[in-house]
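Each remark here refers to the structure printed beneath this line.
Every chain is named by a letter (A, B, C and D) in the order it is written, and numbering of its residues begins at 1.
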């Protein structure tokens, strides 16, 4: 068993820019987070995109799907913004790959106090190894099938639909 | 689906005592960690023990087994010290419960910089929901069956045996 | 000796809002920061404003000056945004109070990884006790007189002028 | 103005060893802490010792005094364990150097949650620049003369004597 981790940006990976006061994308925190987690499973990391998921369009989703298709690993974690995580999950889900793909993100950036990012990463690492082939969203300590999930933007949580 | 989380102490939950300079057990960090993780799954938390796992004996392991037996939830996460995690897993594993029990811990306390604790908690939350009944150790981004795991104390990692 | 600490907002005190993804003001972190610092000096904390300093106008600066004037303590720390810290320092400096007033802030919010906020707070606590009456800006490990300081916005540092 | 920062170990600089579970000294965190603080003042860093201050003897204190004597900078911060900070301050104080020497430490290691270390470092940086020649202890948000301070080990705070 080995895992592919694909970074696409999202809140998980945002960083504070002291000069502008904005949250921006710099180098992905994922290699640091995986080292911190003391993971001994072979992991190949692919920094594919660095986008707020509200800025993603069909072309970006096609790129993500393509990255899943050509991944030599059959167990894939995608770190993704929460706002359109469901939309990307639908594109990958509809493709019917024979791989286990788990999308995860964070409501608070990894680099900010009390972030849920590291928990979600751990959850996704387990889900990507233990679930049958399919496409899933891992958030709030739960695993949702790609076609039965929505983000409740008022409450800031994912829920079944 | 709902989850039982049982605290028994271990490195995961150690706290620095400014007066003595020692790492000690105070109130468990687990409720704080679960809140931070924004978990929406129903979780019942049971603070059972607060011990370094090197200080555990057969009586303590019997208490942990008993807590698993009487748990109304069939999906259980046990936070445990790493040094004798395997021994406790063997006691629970040999009992043949029809429940999914995942033991997890940390190499670095939750409250210390660059801790693996929150990742391992997320991993265990997924493993406890997604695995068939059985007893498992979740460390280093991997899930090990209770009778096929050992801690390599020189390297500080869990591995198959 | 006792100290007054006045919060006015600024980067120091910004907090991440998981629902909107914006950095906003909630309850000031200052009481938490002062407790963490294990300060035994008597401190009275005054949460006066909660503003990005770019949003401050003359009325706000008059409020801050007034808070300094009526402060029963003669040693005052003001936590303030960096963008117009100099302007506020000038308003207080021109008033010629017989008090020691130290303005400090942060380039990275207290709640974000690798923040300079706690260091700057410690620096300001010392400067407010050890400096003669006057108005000062404490940033980047240096103390600047109110009429000889400017923010270099390209480099993100304060410097003499 | 430039500053010399001398590391001698102490709680401030302790690091958790995942293999042994002990708090030990590895490379000093001070260069990282000073960079995080965005200090623009010239600072020369001298990693002199790496000891728990309970393990210091007269030879170590002579080494620290000697480092102060030969320091080309007249403003010196010494990071030191709290248990015998007063004893070292007395050795340096009795030498009557024409330099400003500020000893500081921490009750909680820098690398542990809610540490006072970074605040104390900021406080010491200001005190070392703003105080007249002499030897001081900077802890708990206060500056104490070397011959009028003691550690209250029950309360874990420094106080006047």
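Just so it is clear, a residue touches a chain if its C-beta (ideal position, glycine included) is under 8 Å from a C-beta of that chain, and two chains touch if they have at least 3 such contacts.
It should be emphasised that the depicted structure is a prediction, and the values quoted were computed from it without experimental measurement.
K.L.:
Please flag the chain sitting at the greatest distance from chain B, going by CA centroids.
P.N.:
So the farthest one, by centre of C-alpha atoms, is C.
K.L.:
Taking each chain's centre as the mean position of its Cα atoms, how many Å separate chain B from chain D?
P.N.:
38
K.L.:
Could you state the distance in Å from the CA-based centre of chain A to that of chain D?
P.N.:
Here the centre of chain D sits 44 Å away from the centre of chain A.
K.L.:
When the centre of a chain is set as the mean of its C-alpha atoms, what distance in Å lies between chain C and chain D?
P.N.:
Computed from C-alpha means, the inter-chain centre distance equals 25 Å.
K.L.:
On chain B, where are the residues touching two or more other chains?
P.N.:
Answer for chain B, listing residues that touch two or more other chains: 107, 114, 156.
K.L.:
Strictly by the criterion at the top, what is the full list of touching chain pairs?
P.N.:
Pairs satisfying the touch definition: A-B, A-C, B-D, C-D.
K.L.:
State the interface residues of chain D toward chain C in the complex, per the touch definition above.
P.N.:
Chain D residues touching chain C: 3, 33-34, 36-41, 43, 107, 114-116, 118-127, 129-131, 138-143, 156-159.
K.L.:
Please give the residue numbers of chain D that touch chain B in the complex, ascending.
P.N.:
Residues 11, 16, 18-19, 21, 23, 107-109, 111-114, 153-154, 156 of chain D touch chain B in their complex.
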